[in-house]
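Think of it as A, B, C, D, E, F and G in the order they're written, each chain with its own count starting at 1.
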Amino acid sequence: MLWQLDLVILTLVVATAIGAVAIKDLLGSAILFGAYSFMMCLLWAIMGAVDVAFTEASVGAGVSTVFFVAAVFRTTRRTKD
Amino acid sequence: MSSQYPGLLIIVPLLSALLISVAGWVNKRLCFPIAVVGLSVALYASIGLLLRVLAADPALDGGVVLYRLGGWDPPWGIAYYVDRLNALVLVVVSVSALLNLIATKNDVRESFSTKIGAFYTLYILLVTGLLGITVTGDAFNLYVLLEITALTGYGLIAMGGEYRAPLASLNYVYMGTIGACFYLLGVGYLYMITGSLNMADIASILPGLYDSKVVLAAFVICMVGVWLKMGFFPLHAWLPNAYTYAPSAVSSLIAPLMTKVMIYVMIRLMLTVFTPEFTFSVLALQTSVVWLAVIAIVMGSILALGAPDVKKMLTYIIVAEVGYMVGGAWLGNRAGMTGSILHIANDALMTLCVFLAVGNVVYRVKGYGFDDLRGIFVKMPFTMIGFVAGAFSIIGVPPTCGFFSKWYLISGGIEAGHYGFVAALVFSSLINAVLFFKLIEVGYYGSEDAHHHHGTTPVSMAEAPVSMVVPLLIVAGGLIAVGLYTGDIVARIIDPVIAQTIMD
Amino acid sequence: MKFLGIIVVVITGALLVYTTGDFPSWSDPASPASTHVSPHYIEKGMHETAAPNIVTAVLADYRGFDTLFETTVVFCAGVVCFFLLRIPGRSPFTECQYRHKATGITVRVKHDRKMSGSFGEFERIDTLWTPHDLIIQTACRILIPFIQLFALYVIAHGHHSPGGGFQGGVILGASIILLAISHDLRTALDRLGEKAHAILCSVGVLVYAGTGAVCMVLGFNFLDYGALARILHVDPVMARSHGILVVEVGVGLAVMAALIWIYSNVSSRGNYDEGL
Amino acid sequence: MDIVDIAVAVMVVCGLIFFTGGAVGILRFPDFYSRLHPAGKLDTGGSFFMLGALALFNLEAFSLQTLLVSLKILLIVVFVFLSSPTAIHGIVDAGVRAGLSPWTKGEKRR
Amino acid sequence: MMDRFFLYCAIYLSFLMLLSLYRAILGPTVLDRLIGANAIGSKTAVLLILIGLIYHRVDMFVDIALAYAMLNFIAVLAASRYFQKRKGLFGE
Amino acid sequence: MISIKPLLAVLVSLLVVPILVSSRTPNVREAWTFAAASAKFLIVVSMVPAVLRGEQLVYTVAQVIPGAPIAFRVDPLGMLFALVASSLWIVTTAYSIGYMRGLGEHGQTRYFCFFAIALSSTIGVAFSANLLTLYLFYEILSLATYPLVTHHQDAEARVSGRKYLVYILGTSIGLVLPAMLICYHLSGTLAFSDQGFLAGTGPPQLMTILLFMFVFGFAKAAILPFHGWLPAAMVAPTPVSALLHAVAVVKVGVFSIVRVLTGVFGIELLSWLNLGTIVCVIASCTILIASLIALSQDNLKRLLAFSTIGQLSYIILGVGLLSPKGITGGVLHIAMHAFGKITLFFCAGAIFVATGKRNISEMVGIGRRMPVTMTAFFIGALSITGLPPAGGFLSKWYLGLGTLQADQITMLVVLLVSSLLNAAYFMPIVYRAFFCPAEMAMFENRVQEAPAFCVVPLVLTALISIILLFYPEPFFSLARLVAQGVTGG
Amino acid sequence: MSEIISSVVAHYNYWIYIALMMIGLYAVIGKKNLIKKIIGVNIFQTAIILFYVSIGAKKGATIPIIHHGPGGGHHETTASVIEASQYMNPLPHVLMLTAIVVAVATLGVALALAIKVYNQYGTLEEDEILSRIRVR
């Protein structure tokens, strides 16, 4: 129950999400998406959902970003928007 | 044993899917038999359940079979609720899936030779998901099963070998995921306001909360999610491409069942979770939704007229049919709801019939453009008998079953005084007639150059294999049989379902 | 499309914000969500399942059926990725070059025939060969065993601390993915081949579903681990605890294998030749 | 306010200073290679100080369990020391292979 | 007392994350973003332990942080691998 | 009285379809068709005594919708129609064999199968106990006749097939189905009863709308302006035109309208709301316009088609008069017109088989070469025009009496004028066939009568046409029973 | 002041979840790049997870793992009475574990599909793909 921290991280999360969607480079998007899931992990931890935080940590750090990078590697980084 | 039917219903297909996955790496020839066994057990269990539910006394325990998974009591654990409504849908799903499995055996063996294990695994998992959605009594469990069907569906659709299939499937991924998420969000709202996930439990808590904005939002969000998943008109954009470019063995599974099961979910939400009282009197959405359905029907029919090939045309007809069912359910009277529920079963069967027939044609002719159908009646007479039966059912020619559900839908529209809906139904029947007779004409007349007096140039017969034709003809016969037993189905299965709720 | 998107988003967002007015306030202990079903889990969970981590207890026991299908979803994803991307058969290169690591002798092998026996001593060099990076490889070689050990700990210790089958499985999978990234996909696949992880994936789910089916065979409902008491000769509560453990192991296996499966298909575009 | 608490506070503040330096460095340094320096060194150092302080604080109520936890925190430190340089190395390698030339004085900031 | 101290530390750290995030979002090249993300990652691990201390349940949070520290660099390695495979920094 | 006979009568020709499909030689196939036709006729005949005694045979097949099961009921009106249809099937079968073999048509198996299905549904319409069952068989008939109409599968057939479907299906789905549902919604039942079931259920405006929906909805009755399909459908082989467009299809349309007027609305309601007059006006317009168009036709079959359009409206006119005599006459006209018109069609077909000619202008002097055929044609024409010694006289007579009884002198004038017109378009044909100078005859010596399979049926029907004037039983009794039943007297 | 803060805090999480969800939705509808859309879908899913976890938060409660004796393992050693208000609501956490897993699975499938699309058309931009289809 750390509402002060909660507020700050929530703001960060929104900033990261906007960044991930707005960046005109898919690899950058993928990396920012990784950062986004770090933030989310923190957020779950703050709200006391340790298991969710653990899952998000392992998935976000270990797997989903790697998948994204792999997919971008196999396709293209170019994007118009 | 009979108390374990609901368990068997899901577990045996699931286990068989896993075994198929292993068998695909060990011995590919085992895949098909295991799949058949799995679905047969599911069919057996669903018929057993239907009989049990019919035998149950509605006055005693609500005519509901309850199965507690993990042995925990409902609000805490997950439970299956089987009443007449989902027993009916269960039978329809398992019958269609089994028949389609058998009918498409040759096709699958030829188009997916190296990945046959994976194909059947996904196929059975898809059916498992559909059965689970139908049978579950837990709002969140439904979401998980929804995702199973969706994921397997994405994979199966994209594997068509069609040029546009992956893109269509990817669009389906976006829309399907958003739809499922909306549903999940709605469940979250419900959970927030009631503290429960069990449908029956939610239904018992909700009546005190009808004036809360959250309940309203939950309902609307759930509906939007479900509509997205079923391809209700403004949200249908993903559906035609996805169903068209799927391989024929898959489109004849997904097209009949996926949307119908989603409509079942909608009706379940409307009748069981939110009571009809809430749906129709507290909310002021009724008329607008029916008008939306009218637009869906009209637009679906018009788009079908402009479709470039047979499968696209059929998928737009599905869009229109979804409009039928949504509109019928939202008319807010007994006849409309009866028609809607009846149409779930009927539409599943007739869509299956038509798609199986198209699958047979594709198997032989290797194409589904209108030109590929020239002279098809001579080439594949039995397939076309099935196709024509399905087409008549979709048009609504008695005594095929499509007529009777349309009957109930129209009489619901008249009863509700919603003549726009009635007109839309009639209009769409006419358009369907035009569409199908266009096809029949093409198939009947053969090639253009045969203008001379005594008919067409001779075309040699090239019927699909027996294993593909027989299931098709069974379904075609089933259309008429179901039509003739409409009275029984309505009186014994559908009426009690609606009677449990306060709807007249 | 952008304009339409903005309109849809603004309208939906405004409607949703409008409804938040009636929400119970954040972290209110008296909100319905915290007072109806969940107190039962908190107060009885420990006594009924002997798992102090209530989340694990609910996940694997009370709502074990959800979790079964959650695992199936992962399995599904693996199968779908395989189904979509895998290009069966040999790689398109008819000729491959191998270099003996110790001596530097280059061997040409036709038709991608596997080097028999001491494959580890050779490494493949061809157009797809990736640069040999000593620092990363060494660091990863040191780290990977620890990661795997930790993953096993997470699976086994799911009753008492956060974690469990899924998290452990992800970490296990990630360790192998790390191997594939730091070395080469082929190296990772030499450790855990395609057939192995494909079968392991379904075996993982089978362990889970099989546990439930065993309960069913014993005359209880599906997934009612209390039934295992007869086999394990413990009291039903401990049987539930053990049942949870078995199930978590199944989840871990399935998730690990599925993630490797997805990764190897996605990163190699299905020909299993060269990873990221 | 015993001695351990003070030590912990001092270490934490040290760690925060490191982190601040790292953050400012990442923000302000002119080019990619120079930014690697604060990212690699200061962040690692900051992690070391912070985690060490927290491990120490955790040991205040000494028991077998807290010792275990503290050891785990130290294990994290070990991991950070192993993995952070590796990661930075990977990034440098990538930059070099991507053909990014180092910044020289007088150039525009990148 | 210490709780409050740790809380302010955590808020300060998240402020530092904001600075790194600036680099991650605006960094001219992908590798700059990568550095930013990496910096965020290293702070996250510390923050997790801090939160655990504030909750007085650090034994539960330490596993998460450990897993985090182990896995954090996989993504960075993967992204850097992208360039090692002879793909350019800009465009293809 | 519950009896399975009506169901059997419907099913017997359906059951023979698989046998027809699987039969190897034409002879076997045709033998089976004959057998089915005879069996059907026998079953229908066996029910006549009971119907004449005033009993009704009832059989319920399936309870599909509450108040509207799929059920059969044999009453005098249905009996009359079934008797006509089933007896003429036998004759037509014989004729078809001659015609199809004579021209060496393709797809004969298909032809006989759909013929059997069409007959089944015709009997089904005749025996249906409620509107739903009637609609069911009506639709099946529409669909089963499509392959027959388009039998030649050429461009012309394609166009007329389209026209056929658009008219028939469009009106039945677009008008009859909603009208039926509105009826169901109003009264909760669809079962025909002698007095109708709509009385007192809705406002008069709605009743009028319903009436229009039904009368125009059953487009098989070819009431203007929904007549366009009938001349177009004449591209079909002649036996098809003969049976289906003189007997089955169009008569089903008329029969359905009669059924709806008497069994759904009821005479009382119609006369109370003065709807009978509306029906009469519609019918008389159709009669006059169709006869005028027929005058200008050169193609014999097209002429017959327009004649049919006019004659059908006589029946509706008779019922629309709402007087017992008028109803008797109208109902009797179903039988009389059927025998007369089928004779004419047979003749047209026989001429086509023998000479390959279709147009009237090419038939000058044909009576010399084909005396039997043209004599039969003459008798048929007499019957249609309503002159003795053919059966048509009887029904026209009763129709005339009906107009007097109903005090509708205008309608009597219409009748007389149209009879004159009938004579005006038929008699020149006969005259030119027989009495034109020999030098103008366009035929050489080798033209002679069509094959026996063609000639015998048309002689038979011509004879029956004559016999019916002198011994109109059982049709006359049935028609009287109908009139008694619906007017309650 | 504190009232304003508390009223903001009472709904802040919910507003942010809506904001995230709308970002995701916008990415799905408005962006043309297929992988951007996948990112949008994922953000959408995490927004919903955020919503659920926010439901589960409880003031004055600790994480939902029951304090048990240092020996750990046997349930006999537990404190005899467990108050529901001491621990957070575990149910949303359980649900969201499942949701995260589903999200990962969907991500994998979507990426596989995107690769397949790229193999076929050589681009990831939706408008370019459509123009290529039209040319064909």
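Keep this in mind: a residue touches a chain if its C-beta (ideal position, glycine included) is under 8 Å from a C-beta of that chain, and two chains touch if they have at least 3 such contacts.
What you see is a predicted model, and the numbers here were worked out from it, not measured in a lab.
Q: Applying the touch definition from the top, give me the chains sitting in contact with each of chain D and chain G.
A: C, E
Q: Would you pick out the chains that touch chain F and also touch chain G?
A: B
Q: Treat touching chains as neighbours and tell me the shortest step distance from chain D to chain F.
A: Minimal hop count between chain D and chain F: 3.
Q: With respect to inter-chain C-beta contacts, which pair, C-D or A-G, contains the greater number?
A: A-G
Q: Which chain has its C-alpha centroid farthest away from the centroid of chain D?
A: Of all chains, F has its centre farthest from that of chain D.
Q: Look at all chain centres (mean of CA atoms) and spot the one farthest from the centre of chain G.
A: Using the mean of the C-alpha atoms as each chain's centre, the farthest one from chain G is F.
Q: CA centre of chain B versus CA centre of chain E: separation in Å?
A: 47
Q: Using CA atom averages as chain centres, what separation in Å is found between chain B and chain D?
A: 57
Q: What's the distance between the Cα centroids of chain C and chain E, rounded to whole Å?
A: Whole-Å distance between the two chain centres: 23.
Q: How big is the gap, in whole Å, between where the Cα atoms of chain E centre and where those of chain G centre?
A: 19
Q: Taking each residue of chain A in turn, which ones touch at least two of the other chains?
A: Correct list: 1, 3, 30, 48, 50-51, 53-55, 58-59, 62-63, 66-67, 69-74, 76, 78.
Q: So which stretches of chain D touch two or more other chains?
A: Those would be 65, 79, 83, 86, 90, 93, 97.
Q: In chain B, which residues are in touch with two or more of the other chains?
A: Expected reply: 140, 144, 147, 151, 154-155, 158, 166, 191-192, 197.
Q: Within their complex, state which residues of chain A touch chain G.
A: Contacts found on chain A: 1, 3, 6-7, 10-11, 13-14, 17-18, 20-21, 26, 29-30, 33, 36-37, 40, 43-44, 47-52, 55-56, 59, 63-64, 67-68, 70-72, 74-76, 78-81.
Q: Mind listing the chain C positions that touch chain D in their complex?
A: Going by the criterion above, the answer is residues 131, 133, 135-136, 139-140, 142-143, 146.
Q: Which residues of chain B touch chain G in their complex?
A: Listed in rising order, the residues of chain B that touch chain G are 140, 143-144, 147, 151, 154-155, 158, 163-164, 166-167, 169-170, 173-174, 177-178, 181, 184-185, 188, 191-192, 197.
Q: Any idea which chain G residues touch chain C in the complex?
A: Residue list for chain G touching chain C: 6-7, 9-15, 18-19, 21-22, 25-26, 29-30, 32, 54-61, 63-68, 72-75, 78, 82-87, 89-95, 97-98, 101-102, 104-106, 108-109, 111-113, 115-116, 119.
Q: Quick one: in the complex, what on chain B touches chain C?
A: Checking each residue of chain B against chain C gives 4, 7, 11, 14-15, 18-19, 21-22, 25, 67-72, 75-78, 114-115, 118-119, 121-122, 125, 132, 138, 140-141, 144-145, 147-148, 151-152, 154-156, 158-159, 166, 189, 191-197, 201, 205, 212-214, 216-217.
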